[in-house]
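Below is one structure, written out as structure tokens, with a few remarks after it.
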Amino acid sequence: MTQQTLEHPYSKYLRQGMIPHIWCPGCGNGVVLNAFVHAVDELQLDLDKLVVVSGIGCIGRIAGYTNTDSFHTTHGRALAFASGVKLANPELEVVVVSGDGDLFAIGGNHFIHAARRNMGIKVICANNFNYGMTGGQQGPTTPLDSVTTTSPYGNIEHPFNLVHLAAASGAVYVARWTTLHVRRLTQSIKKALQKKGFCFIEAISACPEIYGRYNNMRSGLEIMEWFKRASVVESFSDPAKAEITPDRIAVGEFVDVEKLSYEKLLHEKISKINEKAMEQVG
Amino acid sequence: MTEKKELEASSVEEEPRIGVYVCHCGLNIAGSVDCEAVAKFAATLPHVVLAQDNRYTCSDQGQEGIKKDIKERKLNRVVVASCSPRLHEPTFRKACEDAGLNKYLFEMANIREHCSWVHLYDRASGTEKAKDLVKMAVAKAALLEPAEEIEVPINRKALVIGGGVAGIQAALDLADTGYKVYLVEKEPSIGGMMARIDKTFPTMDCSICILAPKMSDVGHHPNIELLANSEVAEVKGHIGNFTAKVLRKPRYVTKDCSACGECIKVCPIVAPNEFDVGLATRHAIYTPFAQAVPATYIIDMNLCLNKEGVVVCDKCMKACERNAIKYEAKPETVELEVGTIVVATGADVFDPSVLPNYGYGKFMNVITSLEFERLINAGGPSHGHLLRPSDMQIPKRVTFIQCVGSRSDKNGKLYCSNVCCMNTIKDSLLIKEHWPDTEIYVFYVDIRAYGKGFEDLYQRARKAGVKFIRGLPAEIKEDKRTRNLWLFGENTLQNELYKVNVDMAILSVGLEARKDSEVIQRLLTLSRNQDGFFLEAHPKLRPVDAATGGIFFAGCAEGPKDIKDSVTQASAAAARAGILMAKGKVTVEAITPITFSDKCTACGLCTKVCPYNAITLNKDLKRVSIIEAACGGCGTCAAECPFGALTQSHFTDKQILAQVDAVTECDADKKVVAFCCNWCSYAGADFAGVSRMQYPPNVRIIRTMCSGRVSPKFVERAFARGAAAVMVTGCHLGDCHYINANYQTQKRVEKLWKKMEQNGLRKDRLQLLWASAAEGEKFANKAREMKGIVESVTSEEIEKARKVFEKALKND
Amino acid sequence: MTGKRALLSGVHFLNGDVACAEGAIAAGCRFFGGYPITPATEIAEHLSQRMPEFGGIYIQMEDEIASMAAVIGASYSGLKAMTATSGPGFSLMQENIGLAVMTETPCVVVDIMRGGPSTGQPTLPGQQDVMQAKWGSHGDYGIVALSPSSVQEMFDLTIEAFNLAETYRLPVLLMGDEIVAHMWEKVVIPAPDKIKTVNRKKPTVSRDEYLPFKPDEDLVPPMACFGEGYRFHATGLTHDEHGFPKTSSSEVQAKLVRRLCEKIGGNADKIIRVEEVMLDDAEVVVVAYGIVARAALSAVRKARAAGINAGLLRLVTLWPFPEKHVAKVARKVKAIVVPEMNCGQLVREVERAAKETPVYFISKLGEDPHTPMEILEVIRRNC
Amino acid sequence: MIMPERIKHEPLDSKDAKRPKAEIHLIKDQCKGCGYCIEFCPKKVFEESTEINARGVHPPKVVDEDKCILCDFCTTVCPDFAVFVVERKDSEDKKT
């Protein structure tokens, strides 16, 4: 019964010999990876046409774990790199999986512009409220008063409300779930993978070893309990009102609209110009 | 209200000019009352400008005379001394109106039912009493004020509570008439009890086959908005203008559901299905039954793994092609504006597990008649095979036990549940149809086959060989091995004990008021009878109306009924509601309270006693305001107010006190001041008159709408002016025409008794009598009893009472 | 072929930026990601018009960091990609030039040098970035930088840059300056079949055997691109031949970094191009590059006319530095003159190579480049 | 309708309503002991074992495989791909 007789159903989506991953016990990144491959499995995507791009940080390692073409960029540049990838070969399904610091601090500019252009990239942000890999520094999503190694007296910076930011920047699909809502997370990733244009999914992710430790949630379970206690599903409510506080985490889908993607517009234009050019040739 | 205030103002200026008309009523009055003398006497009374006697005042000439005098003699008040106002007040009021006199400036003295007819053989005292009655009437008349009846617009939408066959019928009738209907059903589907029954008696047609079409009509009807899985949470307002808050519990499945059923194939949760009384299973996501309306599936969140939007299992969500699953759905409250309400909340079935001697719940093969319905139903858990639970075998010997939970106050309810006898007869025939050689015993108290076609069915059952044995078994024992049952009891026809062995016993369980009836009662301020069923306004003449205006009953909510009666009553209720809505407005008699805000201290006592919640308290403004359309006009608020800040129009404190003063002006020590309520005790006194019951002539009746109007100060005034005795009479407790106002009466009289005792007065000088309109004899007897008391009262006692209550002498 | 779709084969009068852009097209570049900056903007402007005509992609990114990142991405998707900027932008690009080096991404970065530091002099020439070209990004690596002296070379060397990038899998830097960029000159654009273009090596093995960072003898690994079914991983972290991070292995680090340097150092002879003018009997040699080399040539001619045996060594390749060529010259001459539009950058490399031979440096900042007379003056003094 | 507590009889079809049997697979040495599967299993199928795995933690053990309803949440929520559930074949045959 309990002995391993079969292969894990998702192992074909993971690179041989890379699992177990480097992430800590209870780390939400593992759940995000699980949700992602789960979605890929349900959609039976062609792995040869799937490109996973990540930035720097714990979750940045995810690109190394998925059995696809993958690229682990410099800090914050995942989206800029991915834009090049997607434009150069629109056939590819390009997914950027990165952290809150990578995407919204150092990479913030690239994020808002990729969203503004409606670049056909699917972004999954594992938001763990701090910089985990460097030992737990305060970041753009660290909640007010949270303790981190660089906000030892409690954070006084107002955090980003990522779903609001994404919606305001022009994403065509915006959702937020916690890693406890892993099934919803999976469904949202599925939805994003089937949509055209810039999609953003925020996965509120447990960082027990670092963020949790500093903020009296010593285990993944305690953090998941917080998610359970504080989460309210408020799909398609005003993302502006979806700030995250200790007692309230508004989760759900916030935006789901249709808008022509950048690469579609660009390549349509290119082919038009080419028709003209050909005429002039002939 | 404001409008009315103006009228008062205008009427204050002019002096009262009262015309008095003493009617002979042929010899009905003149036979034992000297009408001429009474008229002469009347002429001497203050403000009387005209007094005459005539043979038939109600005749056309009589009325014409009054009209003429109003015009020519400038009468601004009219008193007719004749029969009971319950008979002719409307006639004379109309006459006054025709002559341009506000109908509220008319008053009547009842010298027939309350005088001539009950004192046939004592012309002298009869005449004296008649004079008193006229004096009382004139005294009140002088203080009468004109009033306008207010008109309340009626919202042409109806709320039907309960989606059983009664609610369905009421909703369809109203909707077909063209009114918008909101049908609120607590359960996920409409259909109620009838949906679960296999066949209906006496015609034996398939229950769901005839119900299903009606159900889908409800679902599709453009005028019906169906709110299933919803509960009425709050009802405010009054006849014509109710606001109902309805809580829509989430189904967790949206309207996009195509009822394809793919979800139930994958749902891992299995639980007993309520619809089949637990004899079949369902899943956490389910539809109550095949014909359910709405067809939309529902998730039972108590069972589903996905609480508070955290999805643990998404099998159904994945299986649903229409993406209709919404685990995080939240309850919502909708507010409905309606003019009328039909209460069709149905009944519960009796739970026989409280009767240990029948072993229900203990012995596998003892089932209820409802469980039987599911078993014998082709769509049921056994696909129509009557299987006994213990071994899934078709039983050879079956018994029905009647009156389980009915007709016994110790084993359930005292009343007869109406449907069980015929249901059993029908069921026994069903068994015979499928398995003719099954032995069937029916143990009964009486077989009640009273309805159309019922007796034939009963005979058919007997011919089919069903054995009817009179006398319920005292006990059922189970054979542990075979799980067969032994029934022990006495056959009361043959006076012999029996001991019968059967494979299966079916307890014919009775109907009882729903556990949640109190909720509806509270929300709609309804009253219920001792059995817990809702009480109609009048058992004969208003059988589907609630005492509260604009609310009607349909089906078992009002009492146990079979399908036919439920449907009949539903249509009746729909018609009654339709009448109101067709009119589009309702007029309210101008007897609602007047408030004097300067005196009001906003103590809120009145709001507490109002049976209709028609008084709202505004603490900041330090005053109360009355919703006239909601007010029933009992006047108990006026009686409750310690500051005289409230009084009831047309029954003002001044007017009633004037009547008291008139009675007690002379020979008070020989008289009884009686307060009678319009609906029961006054009518009872009339009935005594009509049936010529003779009683002592010293009783003087003052009419109020409800005994709840009788303020302690009226009684105290009577004693303060030397009355020998006082009688306060009203409807029986629980039958009050103003829901429960007469409980206040009782409270107040008991207070007075206490006060009398404390001050060393005999409390028997104040009598409290509950007499219905039919209890003339009871009234007469009380009057006779009072005579004894009056005679026993000494002048010292009279004096003492004067002292004790002298405060009551000054008009506030 | 004629018409817009075609290369502008023939003789044209163009400015350097446009020539560069046309060179990119001719080289097969089909992705340009950039950000406006003087004096490189015309390259972007021209490509925004030309790229679509060739089915190529022009995108203006939100900054130079993004531009460089996008170029790397496009290259990994299989397109020849380029960006163009000037000093301030070049600084921003250094981060991802490093990434391109580490992930061995073929691409071209054009730096039209202007006066620095910082925002400096946007509209005046300079040669102040040549050391940054070599050492700009952190860590050790080999790099290739070319220096055009004419509008024609802006065309030719852009093609050359792409060919080198594709051959050696790295970012190749075209270090132009404000004058060659904005100067109008005759440009001869050859017929397409006369233009030599090189494409990156593709793997010849199956997915399972493919190791994305296992080099051949030339130290360059064959390059698979995204979507070709190889499902490989690339990272800016120190990685093994599988491309997987090996951040704590000293020997993986050493092996990787040495190869990144050696792949250029070892192939220097194949990469390096210089122009030698009248060196055989030269006693004084001017070593110059870029626009300055043209003043130097005129100075050398004037010297010859005045009977001085002067010669010119024009560096077309700045990096890898043509050490052997300079050393060879140094052994025969009395003096070397190095004019640069900076405070002395490449002169240090010249001195290193020249050993005992004296090297005279002529610095020029701001305004115009050296005049021939200024250079001739120094030649005279040292013969 | 009749409240469940009023139900006195076992559903007649409760035997036919058999659900597919589960087969739970634990890849013990991959487990990092976060305890998610134990905590969030709606049927409480797991509990912490006493053994120590290659990573030095107590992996879960299956206490009652029959309680498993194949909701598969453990597979989904496990950050380390250390557990998965499949339908047991024999019950498959029974159904068809």
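Going by the order they are written in, the chains are A, B, C and D; count residues from 1 in each one.
The rule we apply is simple: contacts are C-beta pairs under 8 Å (C-beta built on N, C-alpha and C of every residue); 3 or more make two chains touch, one makes a residue touch a chain.
Quick caveat, the model's predicted, so the values are computed rather than measured.
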Intersection of contact partners for chain B and chain D:
A
Contact-richer chain pair [A-D vs A-C]
A-C
Which one of the chains is closest to the middle, using the mean of its C-alpha atoms?
A
What chain lies farthest away from chain D once each centre is taken as the mean of the Cα atoms?
C
Centre to centre, by mean C-alpha position, how many angstrom separate chain A and chain D?
30
How many angstrom between the C-alpha centroids of chain C and chain A?
37
Whole-Å distance, C-alpha centre of chain A to that of chain B, is 64
By the touch rule stated above, which residues of chain A touch at least two different other chains?
180, 183
Specify, in ascending order, the residues of chain D that touch 2 or more different other chains.
40, 73
Chains as vertices, touching pairs as edges: which of line, ring, star, complete or other describes this one?
other
Which residues of chain A touch chain D in their complex?
1-6, 8-11, 14, 19-21, 23-31, 33-35, 38, 179-180, 182-183, 186, 208, 219-221, 224
Could you please specify the touching residues of chain D with respect to chain A in the complex?
23-28, 30, 32-36, 39-40, 55, 57, 61-62, 65, 73, 75-81, 84, 86
With touch defined as at the start, can you tell me which chain D residues reach chain B in the complex?
1-4, 6-14, 17, 19, 40, 42, 69-73
Given the complex with chain C, which residues does chain A contribute to the contact?
15, 18, 47-49, 51, 53, 61, 63-64, 67-74, 77, 80-89, 91-92, 109-110, 113, 266, 269-270, 273-274, 276-278, 280-281
Flag every residue of chain A that touches chain B in the complex, lowest number first.
180-181, 183-184, 187, 228, 231-233, 235, 251-252
